[in-house]
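Encoded as C-alpha cells, here's the structure I'll be asking about.
Labels run A, B, C and D following the written order; every chain starts at residue 1.
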Amino acid sequence: MWLVKIYVTLKKGLLDAQGKATQNALESLGFKEVEEVRMGKYIHIKMKGQNQQMVIQRVEEMGKKLLANPVIEDFTYEVEVLK
Amino acid sequence: MWLVKIYVTLKKGLLDAQGKATQNALESLGFKEVEEVRMGKYIHIKMKGQNQQMVIQRVEEMGKKLLANPVIEDFTYEVEVLK
Amino acid sequence: MKFGVIQFPGSNCDYDCFYALNDVFKVEVEYIWHKQTDIKGYDGIFLPGGFTYGDYLRVGAIARFSPVMSVVIDYAAAGGLVLGICNGFQILTEAGLLPGALMRNNSLHFICKYTYLKVENNQIPHTYSCKSGQVLKVPIAHGDGNYYIDEHGLSLLIKNNQIVLRYCEENGEVTPKANPNGAVDNIAAICNKEGNVLGMMPHPERCVEDCLGSSDGKYIFNSILNFIKNSKVKL
Amino acid sequence: MKSFEQEKFWKKWNLTPKEYQKIKEYLQREPNEVELGMYSVMWSEHCSYKNSKPLLKLFPNSAEWVLQGPGENAGIIDIGDDQIIAMKIESHNHPSAIEPFQGAATGIGGIVRDIFAMGARPIALLDSLRFGDFNHPQTQYLYKGVIDGISFYGNCIGVPTVGGETVFSPSYQENILVNVMCVGLARKNDILRAIAKGEGNSVILIGAKTGRDGIGGASFASTELNETSDEDRPAVQIGDPFSEKLLIEACLELRGLDYVVGLQDCGAAGLTSSLCEMASRGDSGLDIELSEVPKREEGMNPFEIMLSESQERMIVVIKKGKEKKIKNIFDKWGLDSAVIGKVTNDGKFTIRDKGEIIADIPAKSLADGVPVCHRKGKRPNILDSVNRLDLSEISQPNDYNQALLQVLGSPNMISKEQIYENYDYMVRNNTVLLPGDDAAILRIKGTKKAIALTTDGNGRYCYLDPLIGGKIAVAEAARNLSCKGSLPRAVTDCLNFGNPEKETIYWQLEESIKGISEACRVLQTPVISGNVSLYNESKGEAIYPTPVIGMVGIIEDYHHICSMAFKNHDDLIVLLGENKEELGGSEYLKVIHHLEKGMPPQIDLLKEQAVQKVCREAIKKELISSAHDCSEGGLAIALAESCIKGKKGAEIDIEGKIRNDALLFGESQSRIILSINPKNLSSLQEIADKYQVPLLLLGYVQGEKLKINRLINIKVSQLEKVWRGTK
C-alpha cells in the first residue's frame, strides 16, 4: 500500500484571494512577521500499486484528469510506502 | 526568511464528504486502486523569524488561533530555511 | 420544439429551468438524468445551476465526468445548442467546451443579488433577439463566478467575439464597481467559437415573470426560441 | 458496593435519583449501561422537555385550519386548494458557539429534515440570530462562521433562505443563539407521519453512514456552557449538504406510495430518539439489529451506534415485502439504505448486536416516560430597579440629525444586506418579496396565493418584562405579516432561556409563555410547533430571555402585496395607531444613553388587531402605495427606511404632544406607516373608522431629504450610506 500526498496550488501569478485574506487575518492577530500566504488543497490518498513508478504514473494521471484544473492550478506530490 | 508548509486535516472519525466524493469520482474514472481519499488544506507561508524554534512557536500559535479549528481539525507543518 | 434540462446529482435550478420553459414559454421540455447517454431529438440542452457533487473538490469538476457529458460534448460538436447557467457554466469549462475557469469570488463570499448585464454579442442564438449594447437586469447567485482566462486566451475571446455578456452599471457602463466577483474583464458570459455553446453565471430562468422583480431573462429565452423557429434546422 | 457503583453511573449520565428510580420501575430491574445512556439522552431537557412541558400546555394550538399541532416533526396548516404548509423552528445554539460554521450548517440540515419527514418539500428557510457585542473580536469570528455555515448548507440544498433577524447584545457574548426555521409545501394527501406500526413491517435506515460524530450532543445541549465544554468538543458534527439534497429528493419520492408507513429524521440522540419516538407514536415495539447499520468506521460499539448524531440520515418504515422497491429509489440517488429491524407489537424497544440482546426497554417509557418537573418561578428582585426609568433624568439630544444617524448606523439597525446576500434567497422562483422588507413573500405556483414569513423576538423587552415581551414578539410578527397584506395564520416558537432550575429563569419562561399564549389567542395564530433551548448560560450568567416567534401568513392574491418603499412623490404619509411617550427598552436609550432600562412599551392586543385589520383591508383594496411597521428604533427609523428603500424624501410635520426623543425614537406598539395617493385617503379613513383606529396625517413623500418637524433634515443618500454601513 502507498501513501500519496498531493498538493494543489493556484498557478503563480493568479490572485490568491483566500491566501490574501488569511494573511490579513494573521496580521491583525499580530503575526506581523508573515510575508506571504498561499492557500491550496492537500489531498491524502491511500492506494495500491506494484511499484513506485507505477504509482507515480497513476497519480500523474489522476492529477491531470481530475484533481487539478490546469487552467488555474498546479499540483505536486510525494509518494511513500505504507505497510 | 522561512518557508512553512502547513497541512490542516479533519480530525479522525469526522465525516469527510469532500474526500468521499473525490474517492467515488476517482473510482468511476477507473482508479480502482484508490482505497482512501482525505481532503485538507495546504497553507504555504513565508515568514521572518530569528531561529527555527521561534518560528515553530509562532506557527503553533497561528495554527491554534486561526488556521485550524481544534474542534474539528488537526494541523501539522514543516519548516524550511529560505534565503 | 423540445428542450432537455440535465439533472446532475446536486443540481438545484433544474426545476426552475424546467418551469421557465414549460410554464412560462410553453414549450416542450424533459429532464435528462445524468446517467443517460442518448440525447437525440432536442433543440437545445440546458445545464442548470446548483451544487453538483456539493461543489466538492472543485466546482463542476466531478459532474463533468457524468455519463451524459460525453454525449453533450458530441451534441455540441455537431452544432447543437447548449446553455450552461451558473454551475452549468462551470461544468462546461471543466469539460473543455468553453475556455477559462471559474474561481472563487474575490470577496470569498457567496453573492445573491440582481446585476446588470450588457449584451456584447447578439449574433449567437442565445442573444439573437437582444439589441447590441442592451442592458439586462438578471440576478446572480454563486460563490465561484470569478471568470479567469490568461491574457492570450482573453485576446482570442475578444478577437472571436466570444464575450457575450459583461457586468455593467444600470446605464450600461462597464465599470470595476459593477463587477460582483472579480471576473476578468467583467465577463458574465462567454460562448465557444462557433457560438452554439453559451456559459453564463447570471440566472435568466429566475427573472421571467414581472412578479419576480425582473423579466429580462425572457430576452435570453425568447432569443433561443426565435432562433430555433427561424432556423428550422433540426439537429 | 453495588449501589455506590450505580450512583456513579447515573451521576455521570446527568440523571437524578428520582429519575434513576423511575427507570428501575419501568424496567423492573437495574438498567445496563447502554440502557442508562439511552434514558439519559432521551430524558435530557433537549429531547424530553421535562422542565417546559407543563408550561407548553398553555399555548393555544388548534384552529379550523390547523391539521397538525405540536407532536410531530413539524406543524401543518391547511391553505386551501388541497395544499398544506408545514413549519418548524429549531435552535442550534450550543454547537454553533463551539464550531460556528458546522454548528449553523448542521442546524439547517436538521430543521430541513423535520420538514421533508412530513412529506413536504422545503421551500423556505429563515434564520434568527443573536450574537454578543458587535465590536468584540470573538463576535466577528462567530458571526462570520454562522453566516458562512448557513450559506454553505442552505444554498447547496436549493432551499432559499428568505428571512430572519440578527441582533447584537453583550447578553449573548458567551451564548450565541442560532435558531433556524423551515417551511414546506405539500398536497394534503402527501403528508407523511413519523410512525412505526404493523407487526413485521421493516425498518430501514437511509442516507449517510453512521459514524462516531456527535455522540451525546443532546445531553450536551442541555447543560450550561462552561470551561469544561472544550472536552465535549467531539459532540460537534460535520454537515454534508450534498447528501442532504439527494436525501430530500429521494424521500419526496416516497410520497403517495401506499407501502410507506412512516418517515422520521435522525436528529438529536440519533437512532435512539428517532426509533423510540416512532414506536411510541404507533403504540408499537421495534426489534433492531445493530450489525445491519451501515457504519463509516470500524469497531463502533452498540452505545456509539445508538447515540451517534451523524447527519443526513432518515428512518422509513414500510410494509413487509417492499424492501426492494425502497432500495431502488435510494440506489437511484446514490444513497445507502439498509433494513435494520422490524416492527413488533410488544411495545418494547429491543436492540440486538448480532442477535444478542443488549437493550430491552418499553418504548413509551423512553419517549414519554420522563418524570416531569413542576417548578415554581420567582420574579427577580433586580427588576425593581431595572424597571425604574425617570425620563426627567434623560437629557434630550441637542442635534437630532446626529442622533438619527447614530441610531440608524448602529449594528442592530443597519441593513442586513451583507448577511442575506450570502444566501440564495431566490432559488425555486417563488420569492416575490425579497429579504430586506418586513416579511418575505413566496408565491404558491399554480395558484394566486402566496405566503408571508417572518421571525421576531426582542430579548431586551423580555428581560424587562417577559409577559409583555412575549406578547410583543407575537404582535410584531403578526404586524410584519399584516403590513405586507397577509393574514397571520400560525406560529412556531423557539424558547431560548437560561437554566430553568433557577427560580428566576423559570419565572421568565413562564411569563413569556403566558404572554405568547395570550397574544396567539387574540391574534388567532395557534402555536403549531416549536422548540425549547434552555441552559443558555455561562459562568452563571443567563442570556436575556429570548423567545423567537416564527410566523406564517396567507395572501389570497399575490398581486395584493405591499412593500415598505415609498413609491410616488406627493403621496400622503399617514400613521395607523398612536405615538406614546414610551422610551423604556428602546434602541435609542441603548445607543444614545447606554441604558437598558424601564418598562417595555405597553401593548393592547385588541387595538393591535384592529390596526392590522385596517392595513390588510387597505392593501386588499389597493388603496395604499407602501406599508411599514414601526418597531425597534421608532418612527424616525421606520420613515428613514421607507425613504431609503424608495430613494425618495419625505416631509413630516407631527404635532408634538410628547417629548421629541420619544416622538422620534419611542417604540410604541401597534403602529404602521402607510403612504397613499391623496385620492384614496377618504376610503382609508372609512376603514380606519370602521375599526376605530386612529389615523394621523404625517406629511408627504417629497424631495430628496427626510425632514421631520425641524428636528431632522438629512439627505436620503446620506441616510442610505449610514444604513448600508458604507459611510
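Operating definition for what follows: a contact is a pair of C-beta atoms (placed from the backbone, for glycine too) under 8 Å apart; a residue touches a chain by one contact, two chains touch by 3 or more.
Only a predicted model underlies this, so the values are computations on that prediction, with no experimental measurement involved.
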**Study point:** Maximum centroid distance from chain D, chain identifier (CA atoms)
**Key:** A
Review point. Higher C-beta contact count, B-C or C-D?
Key: C-D
Revision key, fill the gap. Rounded to the nearest Å, the gap between Cα centres of chain C and chain D is 36
**Study point:** Cα-centroid distance, chain A relative to chain D, in whole angstrom
**Key:** 41
Review point. Approximately how many whole Å separate the CA-defined centres of chain A and chain B?
Key: 9
Review point. When you check chain D against every other chain, which residues touch at least two of them?
Key: 240, 242-243
Check your understanding: For chain B, what residues touch not just one other chain but two or more?
Key -> 17, 21-22, 25, 29, 39
Study note, to complete from the structure: chain C residues touching 2+ other chains are 53-54, 56-57, 61-62, 65
**Study point:** Touching pairs - complete list by chain label
**Key:** A-B, A-C, B-C, B-D, C-D
Point to revise | chain B-touching residues of chain C, taken from the complex the two chains share | key: 53-54, 56-57, 61-62, 65
Practice item. Using the touch rule from the top, collect the residues of chain C that touch chain A in their complex. Key: 57-58, 61-62, 65, 93-94, 99-101, 103-108, 148-150, 182
Practice item. Write out the stretch or stretches of chain D touching chain B in their complex. Key: 98-99, 102, 208, 211-213, 233-234, 236-238, 240, 242-243, 296-297, 310-311
Practice item. Could you pull out which chain B residues touch chain A in their complex? Key: 1, 7-9, 19, 22, 25-26, 29, 31, 33-49, 58, 61-62, 65-67
Check your understanding: Which residues, counting only chain B, touch chain C once they are in their complex?
Key -> 17-18, 21-22, 25, 28-29, 39
